[in-house]
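Multiple structures follow.
Presented sequentially are two complexes of chain A, the first with chain B as partner and the second with chain C.
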Partner chain A sequence: MNTLVNLEQVQKRFALPGGHQYHALDPIDLKIGTGEFVALIGHSGCGKSTLLNLVAGLLLPTEGIVLVDGDRVSTPGPERMVVFQHYSLLPWLTARQNIALAVNAVLTGLGREEREATVEEYIRLVGLQHAADKRPAEISGGMKQRVAIARALALHPKLLLLDEPFGALDALTRGNLQEQLMRICQEHRVTTLMVTHDVDEAVLLADRVVMLTNGPRSRIGSVLEIAIPRPRRRMEVINHPSYYSYRSEIIYFLSQQKRIKELRARSRAAVGRHGLEKVNLEIGFVPLTACAPLAVAKERGFFARHGLEEVNLVRETSWRGVRDGIAGGWLDAAQMPAGMPLWMSLGGGDAEPTPVVSALTLTRNGNAVTLHQRFLDAGVHNLRDLRGWITENSDHPPVFGVVHPSSMHNLLLRYWLAAGGIDPDRDVRLQTIPPAQLVANLRSGTIDGFCVGEPWNLRAAMEGAGYIVATDRDIWMGHPGKVLGVREPWSRNYPNTHVALVKALLDACRWCEDADNHEALRELLSRREYLSMDPSYIDLGGEGAVADVATGTTQKPRLDPVDAARYQCAHHRFFLAAGNRPSRTEHLWLMTQLARWGDVPFPRNWVEVLERMCRVDVFSTAARELGLDISYQRGAIDLFDGVSFQWDDPVGYLNGLAIKHDVYMAEVSLTRRDQAGPGVERAWSDVAAAA
Partner chain B sequence: MKALYDGVTERQDGSRRETYLEIAGLGKHYDTPNGPYPVLKDVDLEVAAGEFICVVGHSGCGKTTLLNMVSGFATPSEGTVRLKGRPVAGPVPDRMVVFQGYALLPWLTVFDNVYLAVNAVNPEFSRGRKAQIVDEHLALVGLEDAARHYPAQLSGGMKQRVAIARALAIRPEVLILDEPFGALDAITKEDLQEQLLTIWNEYRCTVLMITHDIDEALFLADRLVLMTNGPAATIGEIIEVPFPRPRNRERILEDPSYYQLRNDVLEYLYERYAHDETA
Partner chain C sequence: MSATAATVAALTGRPRLGPKIDLPGILSTLLPGIVGVVGFLLLWQLLSSTGVLRLPGPWDVWMDERSRYLILHPFYYVSDLDQGLFWQTLASLKRVAMGYTAAAIVGIALGILVGSNPFMNRALDPLFQFLRMVAPLAWVPIALAALQRNEPAALFVIFMTAIWPILINTAEGVRQIPADYINVSRVLNLSRVQFFFRVLLPSALPYIFTGLRIGIGLAWLAIIAAEIVMSGVPGIGFFIWDAYQQNYVSEIIVAVIYIGAVGLILDRLLGLTQRRLVKI
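And then the complex of A and B:
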């Protein structure tokens, strides 16, 4: 795609009375391709209109350069037409005359008849034939905006700039105009930059959504590609499997911007007491059954017992929120998917590497793979059946929801599929969706299955939306689920607090494991501040659960889906002999899997990374002080496909895997950002070559 | 809310529930040279005390006409509107309306705009008591510091808060809101929605609100009343909104039924009752 608009290092400052300056935009770099539709979204005052006006030439940048089609923008011009929220029509002219005024002024190379024909063409384009001779005061807001759009397009601009064009219209008129605009842009290949604060509008119309942070010093906080095919129709877009994940991505960004002050205020100065460096902690969690140890440590007083007297649990809806909280420093610690400490440390998701350490495994098991009910009707009972179904329906690759790239759900699902000869990047589509939205997506049929932790598998079965096709027993019995994660510098600054935190959570884990407490635990988890759902959805095993079935079974009797969810699942384990100790072998396996699917490079210095990241020392101190047995045995990990994972040769293991992404190796520097240059020197190469 | 559930229980017991606001067989037509033009027809709705109802529909579906007949600004051509069993005849302060355009008097300060209403409804109160009522209600919407300002000095969101304070200051039993947040930006809108819920929670007045915004309706209402298209528009569907109160926007986004409800309403508006202005 050719670049039509190019903003390089654009800054804008406005002079204020008294010699002060308002710094509206920090350096902005943005390229827009020919024919592309880009939406700019952000809160009021984030500088999105300023940015649009810079491209229009209505404002000039204080620093940097704006190029349109290679030419520097210094004045407004008809090749860049702007449509404002308030129409700007001349009230004494009819709709036709308003359009003709612009056409006659700009298209001077055309003869009179051609100009008149152009005016009529664009009146027809926006469907205003019946109102062409009316004045603005005689037509509705939606019609006025159609006149303004026709006037802009009639000049054949290279670029259409829309500044909240539908903001003053009611939602339903807006909907009709959006569809019309989409059709026109599609047919005429118009390059468009649109300012909006309507999330649905941005997802419906745009190829890319550019999100601006709050001012002053606004910058591009995030860019989202909307990969929904065109031509688009509203209801098809809403039913697209990605629609609600795009929407929640943008809503997440906007609400994060809104909360940012409040979030920053959370990282309060450390309050030290009883020999602990910090007793006031903000700890993040996502409402899942696996958050039990945190909820229990708080509600049953384990935090307080270990001197952590001011713990505040921060509920996040997505793992993204946990990641941002740890990276941004407003969370002290968090419950994390097992792969997240490594994923963050190695710079997953193209983010700046943030060294995160783990000293405690909080839960094991509790995951399952759920499929939509129709697969049961099609006779899919196991991995082999699923592969058969995919081969027969290769034009309809199933879509699976996972909750985060670094989560065990994603990695186990990928492993399971790949072991069955299904390439998770080619034969199926994986989609990141926050846990709470999975069941709704499954029921509406926008996804075909998911892999997630409880309570969502049981809930899908109870609501008749799906059934469990594989559990932990079928993939890796006893795998780590959630771990405790803190930033490495945090651990260095608050070593005694770190130990106290691990002790409190170990006590809580032990409490959660005790079946006598399960009734109380289910009640606690069902509360509004935690899972906020009926306790019947929360199952912790205990009586009635199948005790121990041999691992590796993929054939299972046809049970009622709810019974299957209740009794065949490997329920969460919170406290096991050596089960809470952070295991280097397990984290190494996670590292191979993250590298296998291209999320992060495989570090050449993997031994160093594991030593730094797995804080066995903190765990051992805590466990010893609680009088727990800390003996353990390092062993291989045996997965369901009979492949055993050894600690000593991860690169050989990676090479032996048939289905994988291009794996690359790199030396990963874990030095803190402020002390080091580039965090990761990435060397793209084949593992074989590197090994 | 509570009243609604109590009402339902009572009905299941077989005993009679006293409907608070009852709209029965309601219709409205305007006379034109070509004969009567029907705007609304056969509208039936029962509202319990303290309930929050959002009316959603396309432009021209007669939503405002419907609410005008409840407020008493318009007279029905057929059928009746009864409040606590008594037919509604003409506007009275027990049913207060807040408009999208704020309807504040520009030459009066914020304080005086609200005072004017309090004074009109409670002329017998002492000046001090009336002033106290005004202050309390300005505080309720967080505008105590803006009392001496004139409307032109306020933002749209602040003006709408003044209008809400004015409506509430005369203690209406029914609050009628005609797209009150339609002209506001998203953030201000969300803040005011939250404030409105807090106030409604304390007051427990019955609310009828017109909105075009589906997320707003799902966040605020106990029930959504979806209108068919005009002419002769009527109630097409009524949707119960199941989210527990007090409501929290993020929690609603976590609820699987939110996505289902939202898609149902969108489908209703854009597929079943699609509406094109050009037609």
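And then the complex of A and C:
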């Protein structure tokens, strides 16, 4: 595909009264191929219309250049025809005259009759024969926009520029026009750049969605390819398996932009007190039963008891939000899936490596694999049954939801599938979906199953949407679930705060583990600011709940799905003293698994990476100060398939795995770029520059 | 419309008549006006017959021989200064037509210049704002001193009075052309001439007409005042002055009715033209 539009290092500043400048666009690089449909999306004032006007030539860039078809854009021209949000029809001319004005002014090479024929052709194209002789005031908004589109298309522009074309229309009209526009653009192979604030419109129409960060100094925050085949139809597109992930990708970006704006407004100076370097902490969490230690530490005063008097828990809806908050520096610490510290340190998700350390394992267990109810009807009761089902229905590979590439759920699910001879990258499809959306996706049939922590497995069972096919005890009993993660520079700058944080959370973990507190804990977790759901969905196990249920993958008693969810599940363990220690063996296993599925390279310097990531020293100091016995023995990890994982030969272990992605090895240099200076301030300037 | 009427007819069971004359509708629009006028005349008659006003009442105006002659013979002609009120009014109207046309041409042209050129706007706006504050009558001595003769001086006064609202409204109209229209013409690469006739003029037209309507009213006001001051020129203003000198109050009243009526007609004529031309 050859490039039609090429923006190189385009910046735009506007002069303000008093000699000030408004820096609207930071350097923007964007290429649009011939025939491509690109949507620009962002919050109001993010400069998306400015960008469009730069391409149109209505504005000139302060720096950089805009090339269309190889020519520098310096004036507006009809080959880059614009359709404005407010139609911009001349009210004293009829629909036909409006189109004719443009055609006569631009297509001067044609004879009079040809021009008239062109006008008629495009009136027909947008289906406006009946209103051609009406003036704009006499026709509806949708018809006006159709006239504007006809006027634009009649000029055979190389590039069609649409500035929120359907923003002022009612939903029904908008839907119809979107389909018409899509059809016309496809038939005429028009290259299109459209500004919109409507996420569904962007996903429906565009080949690529370019997301702009908030202004001032907007830049391209992210680009999303929409790989939905054309021709697209509105009602069919929403059933496309990727539709909702595209949609949530954009919505995530937009809501993140909004939060950055809010957080920027907050004062961020470190408040030191009681010998701690920083007592005002923003701690991120995702509402799951596993967030209990954080909630308890806050509500039961464990933070305050250890001197952390101004802790603010930041509720994120997805793990990605946690990742971005830690990487961006607006979170001090966060509850993380066990694999996330390594994943971030090694540059997972094609991001810049951000060294993250962990000094505490917050929870163990609490996860399960849930399948859609129809698999139960099909007789799928275990891994072998599932494999049989997949072999029989190879044209419909099941789709599984996982919450994050680095989460234990993803890794356990993949391990479990692979152990059963199912390649998680070929025989099934895995899709990242935030925890709270999994049950709804399962019920709607967008996904066929998921692996996630409580309360979502129990909830799916109670709502009759699915049933549990495997639990921790079927895969790896006692695996680490969530850990505490902070950026390495943060830990270096606030060492005493880090110890105090671990102490407060260890205290909270101990409180959570006590079955006498479970009733209070369920009530606490059900609150609005945490899980915000009925306590009946939140099960913490407790006495006798699991004692009698036989274990083992093959001879599982066929319980009612809800009972199974309640009693078969390996419930969360919050406090195990030595078990809360960040275990290097476990993280090494995580490292092998992340590398196994191609998320990150396996570091040749894995010993160094693990030593730096697992802050056993911080944990030990905290535990000693609390008077805990944390003696332990390093041992192998025994998983359900009988493969034992040893600490000493990870590469040999990786090589011995049958089902895996191409594993690549690399020397990973843990960056030290923000080592100097107070970390938070540094990180903040990074955020400001990034946003 | 006709479908609705048919439905109504069907519903009420009344046969539908040919071209329908909405008599009650017409009455209801006209009646208040008629009541107002009659009431005013009665009040006036009452006030003058009780001696509160030292003016002849409407009945006295009709009964007065001179004024009745004027009313019944608008077209008589004796000399330039002694002719029917139609001719007197026409003489004034001719002057207005000339002065006003000049004001409209110059006003619209200058208005477009000032409205579309920020530099010219900054250069000329203070001057215009200053000049527009000068009362029409204050121009009379200056005009007479400068031009020496009554006729061109009268035209000058009309011109100076009518031009400001036209100019200022036109300039505003040009400034108010929506950015969208300008962007459209830029994207279409319209030539200057095309832009002027296809976009600028139609877009500014409502403002221009507002200016023209204000201007015609002011011009008509000014000519009466000017003719009163500049004696010896035929016209309705001088007629009033002449009648006043000879204490023919009833004649003045008849002339005033002419002035009011003509002013009203002028305004309505422009309004009609506006409705024809302006399509926004």
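Remarks
One rule holds in what follows: the second predicted complex is superposed on the first by the 643 of 691 C-alpha atoms of A that agree within 3 Å, B and C clash if a C-alpha of one lies under 4 Å from a C-alpha of the other, contacts with A are read in each partner's own complex, and residues count from 1 in each chain.
What we mean here is this: contacts are C-beta pairs under 8 Å (C-beta built on N, C-alpha and C of every residue); 3 or more make two chains touch, one makes a residue touch a chain.
This one's a predicted model, so the numbers in the text were calculated from it and none came from an experiment.
Shared-chain residue A:Leu7: touches no atom of chain B or chain C.
With both structures placed on the common chain, the touch criterion links A:Ser444 to chain B but leaves chain C unconnected.
Once the two complexes are laid over each other on the shared chain, residue contacts for A:Val428 go to neither chain B nor chain C. When the two complexes are overlaid on their common chain A, residue A:Ala105 makes contact with chain C while staying clear of chain B.
Looking at the shared chain after the overlay, A:Asp198 reaches chain B, while chain C stays out of its contact range. On chain A, the surface touched by chain B in one complex and the surface touched by chain C in the other have no residue in common.
Those residues of chain A that touch chain B in the shared complex are 43-44, 127-128, 130, 140, 142-143, 167-168, 170-173, 175-176, 197-198, 234-235, 238-239, 244, 248, 251, 255, 258, 287, 317, 434, 436-437, 439-441, 443-444, 463, 528, 532.
The residues of chain C lying in touch with chain A in their complex are 178, 180-181, 183-184, 186-191, 194, 198-199, 202-203, 205, 278-280. Note for the complex: chain B touches chain A at residues 58-59, 179, 182-183, 185-188, 212-214, 244, 250-251, 253-260, 263, 266-267, 269-271, 275-278. Against chain C, the residues of chain A that register as touching in their complex are 56, 58, 75-78, 80-82, 84, 86, 88, 90-92, 101-102, 105-106, 135, 137, 155.
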